[in-house]
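Paired with subunit B in one complex and with subunit C in the other, subunit A is shared by the two complexes that follow.
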Partner chain A sequence: MEKETRLFEPGLFYVQAATLFRRIASLIHTAAARRASLIIHAMHERLSFHIKRNSALHRLNPLTKLTLVLGLVLISFLSPWYWTPHALLLIVIIPLSFVGKVNREFFRAFLRLILPAASFLFFMQAFFQPVGGTVIFKIWFLDITKESLLFAFRNAMRIAVMVSSFTLFLLTTHPSELMSDLTRRGLPGQFAYVIISTLQILPQMQAKAQTIIAAQRSRGLDTQSSFLRRMGSLGPLVGPLVFGSLVEVEERAIAIEARGFTSTQIKTSLYEISDTSLDRTIRWILILLVIITLLLKLWLS
Partner chain B sequence: MRETAMQRQKTGSWLNIGSNFNTMTWVLIPVAIAINIAIGQIVVLLKLPVFLDSIGTVLVAVICGPWAGALTGALSNTIWGLAIDPNALPWWPVAFFIGLVAGLCANAGLFKSWWKVVVTGFLVALTAATISTPIAVYLFGGITASGSSFITAYLLQTGQGVLQAVFSTSFLVEPVDKITTCMLAFAIVQGLSKRFLARFPRPENVEAEGGANQTQLYIAVGVVVLLVLFAAFVLRNVLGG
Partner chain C sequence: MAIVNLQDVTYKYPLTDSPALQNINLQVQEGEFVAVVGPNGAGKSTLCYTLAGFVPHFFKGELTGIVEILGKESHNSTLSEWVLNVGLAFQNPFNQISGAKYTVFEELAFGLENIGIPRDEMKTRVLDAMKLTGISDLAERSPYSLSGGQQQRVALTSILVMQPKVLVLDEPTSQMDPIGTREVFGVVRRMAERGMTVILVEHKVEWIAQFADRVIALKDGQIFLDGTPAEVLTSPLLQENGFGVSRYTSAARKAKAIGLWKKEELPVTLEEAVEGFSRANAGRVV
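Now for the complex of A and B:
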């Protein structure tokens, strides 16, 4: 009897310990899963920038906003005057972010995405552009001239105008809103499918890539040492990712085929997207402005 | 889906754009764009000196047709530019032509064995260098935000013209990248089942010839290594002289 209890008690201890351990493990697991879902969520947020607010900019027709963006980009690249991109950024784009009530998100994107890209381009060009004669200073074989600085500054501002106007557009327009409006105007539904579907698949794919990298590393895959080893580890990373995602293609094709994807009948839309006379006026004004800029450029040069 | 067999007989001219697109193509394109971007990021993580950001484009171009590949490339660069790196945005014509040329090469039967794939990769690289040169020169004045601009800068300082400097830089950088891309795409296609491939518009593009075996792979790798050495030799000569 005594012997039995002695045998039993450590057993009970082990059972309790195991339960406790399992509970802790499950807690850690939930925490990890929550963090992973947060990361995926953050990625998803990053791809569809859209922020739902009620503002004049949000209420504009998506095509009007797209015309605005393309118009701003074309004007900043075609304009014959040096300060046009700088002025566009300060006078048009930043005030528009306040009109759209997305100024805080816009500035965050500006700091994180646009500023690094623009300043990298600025430094590359300022150092390596071999134009001009007014040398300001000299490092090794590189001349920093006044002309190259000005040139780099304008190019960086053009890139900044391009990206910040697109950011503003993505912040105030939901992708599916734009796509349903364009489909209504005659864009084939397949294009809309490709764009919307890419925006959904991309975060999933990036998460899958992270999982594959972690799994292969835990099996001992070398991702950090010599060049040949890293080149060799490309296969075990690319293979599972590509074959895994290609498997889903066929099922998805059958699924959307069954829902009338290739049907040529005119489809009705659940959402009504407004297109007012104000929208049409803005679009025409922008097209005129672009044409005027082009003519000025041709005339002045 | 049953149309594919009929479509295959109709695909005479490469200008027949519609024949590139069936439901499978439309579903493959988003996946290919995501593959482009995900592999591009894996390569950055592994710190390899190549981009490999057009494997999905080449894949679509080969099994669906040149125009589907071109569309994939253009959309891929646009989405990459808007979501991840703004400097990628102006280069969408390059990706467009990569898809187009890879598809045309595949239509001409240049995607059926390892050494032919190397030829395809070389032609794609030549196209990419040709298309990217005017963009780099007229939009950026020759110096772009890519790391290879260091070589361009050096060539410019040695007194070469902007056009020559940019073109010779991309001609040094592109072949290795594009040949590796095409070889990886070929390896992926070889791993797919015939039943799966038959659902796409142009499965006949990748029917492997008798000799898609190990020896050919080694010959192809050897050719690539020789090309790399040749590029390094040219680079040393250019920099030395």
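Now for the complex of A and C:
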């Protein structure tokens, strides 16, 4: 029987698709790697998102700002009214970024991080949320209803409130300030150490991974060909990183122990962190607002 | 009475058969600057850990004999009490950075915060210590952005700032250039003159000869030689047993064999070598 000639050759198609996919992936990968290395470089010197400015928001006690973040998030999720998260973003968070004099950095983060994340969530929920109701338009088999759009819009806004208030917090609060304030209030020192040192050591680990990759490549390790071979190359890269880190942990433990880390003395702090009556008032107001929102939610539903 | 007193100390790391330290007897007086030399695996770092209390409180294993500092025995004390009297800085500067602080100034204050020093005294102590080790200009830098040599200075300062009675240093200048090494030795010497007792592990014998009061040579976990720098560092036993020897000593030893070195004792430093050779040639016409 003669073989049928086909217009569509699956084998070729897969190869072409795979090539295209790999090209896109490598483009994304290079761009992402370049951006990551830039961020790491910037973080190397600063090691935090904190921007040093003199503003009312900077001067607030870290716990007050943390309460503010949690309060805004809780209110935006609990509120019985549809427009609450939108309103919080527009009339609280954005003006606060001006009060904190970090509006430029805030908008940059908003455009690059918060907006893409919120839009992604919006589209996913608008298309795939099975909420019945008035169909506005159809794409293929997906019904887009008015209800699903509204639902998605609010959820995207809630996420935007959450991420943007947290961004504002990170921009105006130095991590060591936060930790020494929380330690003063009774957070165990070991816990604070774990949080802060993780933040600091991640970029270091990343730099070390880069060094190991360069070292192994110079000895002929294949890190750029097919996916399977690259998977195979992971061993010689991860091994030194993990075992090296284990040795490091021991030495670091000795080093901080030598500096009295587990001392039973009451710890003191280099920085004096102010906690004014204004701070306390703001915290109480926020707690009260959250409680009121919760009660309203329970009462109205 | 000796401030550091080790009697018949033998220590075995867990899961090992041979002891890392064997019958160590060592008495150090207050304000004495003792250098420890020895080939790799001789037990130098283990000796440091034992003095600083990490053996037996951090590394388990078998410790016998008496480890006594300021009249207190280490096994009767907790590690956090022990470190108030004995400071330890070791070789790898990167792992000595706490990772919990964002600037060098904060990093230096870390130990003082832990032991509850009041804020004003903390600041004065950090400023003084930075001036002493010459790192005042690094105060606002991130400790991670520094070079290896700078990080080593920060590591040393972070211990000095705690003002221990006994300072134990395990190769604190391994990543420094000659100028940095000289400065650090100068600082350590000054601390010893102020009454701090210093025990320093170091390979750079020429510097030891200039700055230390006493040298101990360790081999296979045992004290092999113990004496003044001139006695120990020029001993013919050193080279035969795989110790590092100053190039001036080995040059003069060869010169002596062919009659070009006239003095009885051999030199360790450049200055001693120059002086000895010029005396040997004094009669000749230049």
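Miscellaneous remarks
Here is the rule we use: the second predicted complex is superposed on the first by the 229 of 301 C-alpha atoms of A that agree within 3 Å, B and C clash if a C-alpha of one lies under 4 Å from a C-alpha of the other, contacts with A are read in each partner's own complex, and residues count from 1 in each chain.
The criterion applied here is as follows: contacts are C-beta pairs under 8 Å (C-beta built on N, C-alpha and C of every residue); 3 or more make two chains touch, one makes a residue touch a chain.
Keep in mind that what you see is a predicted model, and the values were worked out from it rather than measured.
In the superposition on chain A, A:Gln206 makes contact with subunit B only, while subunit C stays out of contact range.
Judged by the touch definition given at the top, the superposed model places A:Leu121 against subunit B, while subunit C stays out of reach. In the overlay built on the shared chain, the residue A:Leu298 is in contact with neither subunit B nor subunit C. Of the two partner chains, neither subunit B nor subunit C is touched by A:Ile136.
In the superposition on chain A, no contact is made by A:Ile285 with either subunit B or subunit C. With both structures placed on the common chain, the touch criterion links A:Gln265 to subunit C but leaves subunit B unconnected. When both complexes are overlaid on chain A, the residue A:Ala253 reaches subunit B and subunit C alike.
By the document's definition of touching, of the two partners only subunit B reaches A:Leu113; subunit C does not.
In the superposition on chain A, A:Tyr193 contacts both subunit B and subunit C. In the superposition on chain A, the residues of subunit A contacted by subunit B and by subunit C overlap at 46-47, 193, 197, 201, 204, 248, 252-254, 256-257, 261-262. Every residue of subunit A that touches subunit B in the complex is listed here, in rising order: 46-47, 113-114, 117-118, 120-121, 124-125, 127-131, 141-142, 151, 155, 159, 162-163, 166, 170, 190, 193-195, 197-199, 201-202, 204-206, 208-209, 213, 223, 227, 230-231, 233-234, 237-239, 241-243, 245-246, 248-250, 252-254, 256-257, 261-262. Those residues of subunit B that touch subunit A in the shared complex are 1, 21, 23-24, 26-31, 33-35, 37-39, 41-43, 45-48, 55, 71, 75, 79, 82-83, 85-87, 89, 140-145, 149-150, 152-154, 156-157, 184, 188, 191-192, 196, 199. Taken together, the subunit A residues at the contact with subunit C in this complex read 44-48, 174-176, 179, 189, 192-193, 196-197, 200-201, 203-204, 248, 251-270, 272. Residues 49, 52, 54, 58, 79-80, 83-84, 87-90, 92, 94-102, 105-106, 109-119, 122-123, 142, 144-145, 155, 158-159, 162 of subunit C are the ones that touch subunit A when the two sit in their complex.
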